[in-house]
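Each structure below appears as structure tokens.
What follows is a pair of complexes built around chain A, which joins chain B in one and chain C in the other.
Showing the complex of A and B:
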């Protein structure tokens, strides 16, 4: 009887596993594992525009490591882009927005947060078209119309400061994610800590430095890791606003992969380049996991509240 | 359409639709899939195939057949013809191929090589009543391994549009202004002279820019490069080729223009909308574009809508020769219809293409979109004669060449465009630009390209 019960329990456990974890596992397999497997398989073929894979070959890897003169420059550019967007917008500006809007009266804070959420809520094509209009290098562009009215010479952001342009255009969207997470984290800090600090004579900056920032350390680490990976693989705004140009000045690695694969029809070579992106993504995650001590974030709480 | 043609259509349609059927039991509705790029510059490319199906249906009805032909159109929202062709390749690979498709002619080689474009030699030979009047030079744009794999749907002519008023403003005589096309034609006036003239116009305060060109990849650059002796294909071997010296000459010209304020160094950052307004708004002396731009120029206010007013303001020249005594260059870029050889209804599809290519159908496309005719007979039609720009443009055709129908022409043009952008924006020198283009071509195309000089 007891043996039956154990068997039944085990069966129940297996059923539960399938019911509760099955869908998630299936999704993981379909959208995360399978694409990587397909990518690896395609990378070892000569698949071109007709999508027909002919022979097994190492040609793509040989080309990537020995003949692709753009590879190193593109990787350097990507590093600058990711670092710049994170440093100026996705983390720093997101944090500033969160600090400022939580310090404001609740309605005003909500209003400004809503304003900063607008770029994220706009369809990407509309957002990019607005940018394209704003930065038009002639007097037809919005920025130049303002500059002309102020007597400032016409500016060509796309040609003269392409990296600044893509960092700002992406940063305006990226900052809102940090803003939301940080706002929520700041709101969860027990209010008495702020009152105590104020009673002890701490000014605004000291409160931020000694109370707020230590309390939201983990959200900051999380946003840094998450946004780094997100920026590494995102390119749609760059593609729509500058198309990777002028020349190759804004061709970040993910866009480079896309262009090789889908604009030149070299799918196998694109898959090989994408494989390197997967490796870089995994390496970056592991490094940040280690240096930001993310393990501590995920450990079980030491105090259990009943 | 003549009685003979009607009978031929009926006979062919009956053969295709009713094989072995004496008394059809049920009516068949045959659906023909058509792939076309969503392109405001040529809605009748698809519309004419639908109209051709209507013609076939009328004949079937007249013959008492209950069968009908319908056309289902897939309008692909691609950025350009290159992107569209790549999408179509994917559709073929995924067994979603259409029966008929509209493509830029230079892609026919790639489609034919993959087995996606039907060899139409037999179809053309069997239907001379449809094809005997096609302007012969246009067939060159449809060849793959010497065989016709497509039917030209339109033709065009590209040119440098120049503003005559600006020349008057800087004191040029009417003789000079009106004689410019002849001087270019004879090779007396070179592309360097044109740049110097453009600089004179800019320095004289008559225009903000001297010469502007398209802001993206496209055939125009191959036309200007031809002035420098750049021939992208070796007809003997069928391989693409790139001449270092011709590239050096061409990129030196690009750099000179950018350095001397003739072409804005950020020309490639301009939007199409901006580029298209520059000539009508009197901001540029020269715009390099094509005949189909004339209606838009008039719409944007370059002149009154009459031949006299327009030609009094705007003149057209080929891309002048790079050296005195050389030949000027022009380039036509026909869009073509091709038939999927794997289609269940390939013969019917070819028949629809044949009907859609007749003057009655093709002329409205030509006159409404600024494209030149594909048949001699069209030049006699009243609607075509009223479209003065087309008959004027046709005079530039004898100097026209075509882009090679090579499978790798897409990446070839991409590499050239990037090189131009790099040099024009001052990011790389002329020498670096040449090296960049040749490196890209070698790395991207491998054995498909031969580097000359």
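Showing the complex of A and C:
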């Protein structure tokens, strides 16, 4: 091979690198690395409403680890919220929806999937308002009307079971994402595998256990990781429906950061709290990467690129 | 072990009719082969027997019991799918042992049985591999092992040997046949290989466009093809077909006229297609005049392509060397008793009729 050809190939390798990895690197830099750097910088200042950064200080970290009495409770709440929403709705219920709607005739299945997608399609404020009406503590609330009709005493969900409320409200939306991913994963399982399993003697549930679940193992892992991270950092529905209340009973970590930084104007302290969230997020994803063996998901390229 | 009966069974998807009303009885312990062109409804019929597809109408009976409402898992059927359908996340051992999971069997015994069957189909060295790490032929044999392991009442094989090399195919053929005879499992084999069908099966079913064209022994198919379709489809090389008309004991075609008769009454009249088997045509001093236009050596046999007064004819000689050359003028003759005649309109065989030089 001539030297000319080799340099030409080298050049092509370099352009390929820029074309294929460039955009992703750029996004990562702009939306992850840079914000984190800014966040770290702010965390070591005393920036407040005036947006003026004074001198370098460890004050915020000291406050977070020693004096913040809300922190532990908030972290516990976040853990319950993320785990509860994932376990009951985003993964489990999404999976059940996918299994049921793919087993139905295709038209009925499509209809039910569309119904479950509706909340995701409506603006979050509208969705939150619907919930506000549904859980109204007087007999005007939808749930209480149903309870009245059934002869059950009326209930103040927002005050008595606030955690259940935010898990259910988020779960109804969150389940649809898993449902869609799992549905397409189930659809892509070769039909003959189901035929084979049934003639081999497996009944409905056993087919699900032995064929469907192993086949969609990766989508399940993916949804678990993805939804954990998005639940960790999102708070819009909680903010709209309960505003973190009553008292601080539904203030999950992301909402706590928001309140500290933007509602009380303690930007520097908010940045410090946010830094802990970044650390938790990275640690959680690394743990799951390890325990769900996500590495096996990455396949060798099918085409050899030179 | 089951006696299988189909009563007016049909299968259609909307306008697509895959199987026309079909009646069929397969005796307990019988080995039948199903032959037919691609898309004629072979797999669909197997799937209905397995319970994977429900018949659109009609009844399927095993040992006299109607099975239409019985789930596949309760039919005790072993099936090899055309696409193998091995479970991708299980290794070969687990694939083969899978059907035993649902029987009350100790795990160790299940594994032992799976390994026995694996040995039978020569995949015992691959037990720890995943299906994606196997060749097509190896996958096919694993699929066969999985179908056999639970000792089913009915074995359905959808082209189970199509991906094997010639030697292995021959071995597997013998082994499946011996196994079938030993166990007496009623077996239905779908194949595109006529030799496979004739060597393995007690009876052959020939299908075309969702209908059964003929059921019979290999001998029936050879000597008495029921229809033009069967005559064209079975036999390699296929029958020479000569179109003509029958009138007053003569068979008239383009440039020639042959004697026409019948063992059962008067000679047939009207449009007729005469079938002359390539291997029954012989070169000789007299007969139909023609010229050799091509020669195809086929190993043990030699095939001559002739242009004759009857049109193009294939003549098969069972000897490897050439007795004639291209361009040579020859005469061919044949035995009237071995000719088969078809009605050109109905495309069915006219029993007893013959043509002669």
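Assume the second predicted complex is superposed on the first by the 276 of 306 C-alpha atoms of A that agree within 3 Å, B and C clash if a C-alpha of one lies under 4 Å from a C-alpha of the other, contacts with A are read in each partner's own complex, and residues count from 1 in each chain.
Criterion: a residue touches a chain if its C-beta (ideal position, glycine included) is under 8 Å from a C-beta of that chain, and two chains touch if they have at least 3 such contacts.
Nothing here was measured: the structure is a model prediction, and the numbers come from that model.
K.L.:
Quick one: on chain A, after the overlay, do chain B and chain C clash, or do they fit? Just give me the call.
P.N.:
Chain B/chain C on chain A - fit side by side.
K.L.:
On the A-aligned overlay, A:288 touches which partner chain: chain B = first, chain C = second, or both, or neither?
P.N.:
After superposing on A, A:288 lies clear of both chain B and chain C.
K.L.:
Put chain A at the vertex: what angle do the Cα centres of chain B and chain C make there, to the nearest 10 degrees?
P.N.:
Result: 150 degrees, to the nearest ten.
K.L.:
Looking only at contacts as defined up top, I'd like to know whether chain B or chain C touches more of chain A.
P.N.:
In the superposed model, B touches more residues of chain A.
K.L.:
Taking the superposition as given, does A:233 touch the first partner, chain B, the second, chain C, both, or neither?
P.N.:
Neither partner.
K.L.:
Quick check on the superposed pair: does A:201 touch chain B, chain C, both, or neither? Answer first, second, both or neither.
P.N.:
It touches chain C, and chain B stays clear.
K.L.:
Where does A:159 make contact in the superposed view: on chain B (first), on chain C (second), on both, or on neither?
P.N.:
After superposing on A, A:159 lies in contact with chain B but is clear of chain C.
K.L.:
May I ask you to decide whether A:41 touches chain B, chain C, both, or neither, giving the answer as first, second, both or neither?
P.N.:
It touches nothing on chain B or chain C.
K.L.:
Examine A:210 and indicate which partner it touches, taking first as chain B and second as chain C; both and neither are also allowed.
P.N.:
second
K.L.:
What's the minimum Cα gap, in whole angstrom, linking chain B and chain C in the superposed view?
P.N.:
Superposed on chain A, the two chains' closest C-alpha atoms are separated by 51 Å.
K.L.:
Looking at the complex, which residues from chain C come into contact with chain A?
P.N.:
Touching chain A from chain C are residues 47, 50-52, 71-73, 75-79, 81, 83, 85-89, 98-99, 101-103, 146, 150.
K.L.:
Looking at the complex, which residues from chain A come into contact with chain C?
P.N.:
Within the complex, chain A touches chain C at residues 190, 192-193, 195-203, 206, 210-211, 214-215, 217.
K.L.:
Name, in rising order, each residue of chain B that touches chain A in their complex.
P.N.:
Interface residues on the chain B side: 82-83, 86, 89-90, 92-94, 110, 114, 116, 264-266, 268-271, 273-274, 277, 410-411, 414, 418, 421-422, 425, 427-428, 439, 443-444.
K.L.:
Flag every residue of chain A that touches chain B in the complex, lowest number first.
P.N.:
Chain A reaches chain B through residues 49-52, 63, 67-69, 132, 136-138, 140, 156, 158-159, 245-249, 262-266.
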